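Both of the next two complexes hold chain A, though its partner changes from chain B to chain C.
Take a look at the complex of A and B:
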């Protein structure tokens, strides 16, 4: 037979400051878990949604996996269009996107310099980059740029600095912001897009970084591969966009492992904090626990009641931290080398945070309860 | 047949290299409805004997039979069940749970018995009436005086209608007046409700309310007297 629920709950009000501190500690630890898991999930999602399996990237063989270092001839898009039947064509328009992609120093209206990711594109880009949607303003004309939803985060400036009509400076010339776009969380959201030829003029380059092609179906990639292998003189390589981002995911694997390691360390620290607080809470109740045993309550019933106390606190902490995370942490943007992404408090993050929170309650309460119940009842009845 | 039978019971403790023998091959018989008090100097074995009869400690040798059950042979879990059904315990320091009301404190042992909510409520009310605390049901221990707290402790001990109630210096932390009220209450519970009691006390006056008074020293009974006789040294007499 278990002890009444009220006993466990009301015990928390017995030492309000102590319970308050425990709640604060548990909430802080659980919130940290939410932030770290949200970071990992946001990074994973950003890279996962960036890759379209129907899109093939063709870029320089010598650039390894870094497209920013790629340089291919400006004639390659036309050559590909003429040679391949695998690319989608509608109304005579080939769905391919010649792009110049580079990292550039960008100075914003508030004179803050930052390293931005700039992509010179043609009007066919949205036909291939199908997640991209204009959210405000117009497509950039010469001397204009449009900025992604997270471009401000990538540059480390407030969002207002990149509002439509403001100017930025890059590659030695001023550009006016004509529009903004979103891309369902893909990495494009942290980029600045402008007209391809405009960017080529500004950078005094005539080459391209890559050609992105929308294939008719996934099997059509072999035709592109074959073309790249046959035309060794062009020194091209082709990779499916989803595979490219999967490779990048591998690059960020240490970051993800580190994230989970932090989750483990924070949780361990939380358990020790919980242990310390619960030892303190139970130290003054040893005689009471012995008295309950004298009345006929079994040790397991008392153990459950003590764990119940820890669980009530942990549940409250998880609820507070979860609410805070969903309302204020979810969607917070973070900069990283490849751009920026939003912290993502999704179902897995909520599950992880709450599970760790509840685990803190159980593991924090068990050892002190076991210790208090281990000694003989007769001895514990004399405890001060 | 006696309700409580201790036969050849011994208990030893080891403290460093020293071996202490609080109980040394003792026999004790307590009849149903009897009120027995235990006296003796500190370390004489009173509390050890009380703990053994309560089933919260085990003897090194001998047997303890209470109401036909040899409790020295029961497992820890079975002993807990046995205590819930057969034992009431009155503590010196009340040991009430501060976050529960007087009513809830008294109700606590009844939750272990298979009873309906109505039966539990009836028993708690009867116990509260028996100790004269019906009007304090919703009070928390901090809102009660020392005497009232001890009454709640007594009500908690008798609420399950146990076979035996043991009391460990029940007046030890009370002033003279309150102590007398508690003595009267314990005597009344024994005489009117027929509750079998075993009480440890240091106070001769408190001990005198019992129908039989035993004195322990160095692990052995050295005196025994009934309420109508005086202590006789070195042996036991029938009450």
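Take a look at the complex of A and C:
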């Protein structure tokens, strides 16, 4: 026969300070798990949504896998358009986007300098970068830029500093912010976009970093590959955008592994903290537990009741931490080497956080309860 | 009754939580693993052609539109094959690839002799009767792989920059 459910719940209310402290400790640990898993999931999502499988990136063979280091001739887009039939073409406009992409020191209106990611584009860019949506303002004209939703985070400045009409300084020139854009969580959101020829003039460069091409279908990439293979003199490489970001995922694998390691460490520390608290709690209840045995309750029934107490506290902690994470942590933006991304409390994060929270409740209660029930009833009844 | 209801609810919630995950596992097969719709017989020859020209020599003497039979080793970059097309690059046999004892995981990229590859490489595309590249992975179609030695016959295409492409109609794979 099990102890009544209410017995365990009422026991928690008998020691409000102790229960409150345990609840606080469990909530903190579970919240930490949510933050770390949210970080990993945010990073993964940012890279996953950045790659369009129908977009092919053509850039320099010598730049390895870093587009920022790429330099190709400004004639390449025209050459590609003339040589390939694989690119989408509507109303006489080829859907390709010649781009100059670089990291540059950006000084904002509040005079705080930061390293920004700048992309010089032409008006055909939205035809290829299909996730990009202007959220406010207008497309940048000469001397103007438009900023991504997470550009302020990347620069480490408040969002208000990058309001439309404000000025920023980069490459020795002042630029006015004409608009803002979003890109469904893709890495473009941490970038600053401006007119390609404007950026080329400001940086005194005539080359390009890459050409992004929207292909008719996924099999059309072979044609682009063949072109790059045949034109050895151009030293080009073609990579599907989704594959490019998958490669970046591989680069960030150690970070993700480290993240999961932190989850494990925090969970382990939490379990030890829980064990410590439960040992303290049960040390003063040895006679009570012995009395329950005298009344006829089996050790298993008492054990289940003690675990139930831990579980109730852990469930409450998981709910509090989960609610806090979903309401206040989900969507928080963080700066990272490749730009910025939003923490993401998705189903996996909730599952991981709650699972660890509940595990803390069970594993924290089991050993002290087993220890308390191990000694004989007679000895326990005389315990001080 | 209350317990069974709670259990059912928990199981349902677990499945709903797992089901809400928006990560869609990709089930598409790589190009090389898809079944072939092209017959290799018209392109594959079983007797070794005579009068072959090494790639390096061909790059010096071959003119645009000229017929040629080239011999070479598949390689020249870490990915010498094009997925979805019967096309690849070959390197002159006189250029040594990375020795096995150097521990190079991709000896076919000739990373140890890259400066010599530039003047000894040719692009091969196996073409059909209409002159279009055969739309099948060459590895699967002809049973070849990186560092396979092949002899290909076809028509050369040269440009002002010195690039050499052979639109090949037949291929012989050296055993």
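What to note about this one:
Throughout what follows, the second predicted complex is superposed on the first by the 384 of 384 C-alpha atoms of A that agree within 3 Å, B and C clash if a C-alpha of one lies under 4 Å from a C-alpha of the other, contacts with A are read in each partner's own complex, and residues count from 1 in each chain.
In this text, contacts are C-beta pairs under 8 Å (C-beta built on N, C-alpha and C of every residue); 3 or more make two chains touch, one makes a residue touch a chain.
Keep in mind it's a predicted model, so treat the numbers as computed, not measured.
Once the two complexes are laid over each other on the shared chain, residue contacts for A:92 go to neither chain B nor chain C. Of the two partner chains placed by superposition, only chain B is touched by A:6; chain C is not. Of the two partner chains placed by superposition, only chain B is touched by A:296; chain C is not. Contact with neither chain B nor chain C is seen for A:165 once the two complexes are overlaid on the shared chain. By the touch criterion defined above, A:346 lies against chain C but remains apart from chain B after alignment on the C-alpha atoms of chain A. Using the contact criterion defined above for the overlaid structures, shared-chain residue A:16 touches neither chain B nor chain C, since it reaches no partner. Legend: residue contacts after superposition of the two complexes on their common chain; A:232 is shown touching chain C, with no touch to chain B. When the two complexes are overlaid on their common chain A, residue A:381 makes contact with chain B while staying clear of chain C. With both structures placed on the common chain, the touch criterion links A:222 to chain C but leaves chain B unconnected. Residues 1, 3-4, 6-7, 10-11, 13-14, 287-288, 291-299, 376-378, 381 of chain A are the ones that touch chain B when the two sit in their complex. On the chain B side of its complex with chain A, the touching residues are 47-48, 51, 54, 56-57, 76-77, 80-85, 87, 89, 91, 93, 95, 97-100, 104, 108-109, 111-112, 156. Against chain A, the residues of chain C that register as touching in their complex are 17-18, 20-23, 82-85, 87, 89, 118, 121, 123, 125, 133, 135, 159, 161-163, 165.
Chain A contributes residues 48, 219, 221-223, 225-226, 229-233, 346-348, 350-351 to its touches with chain C in the complex.
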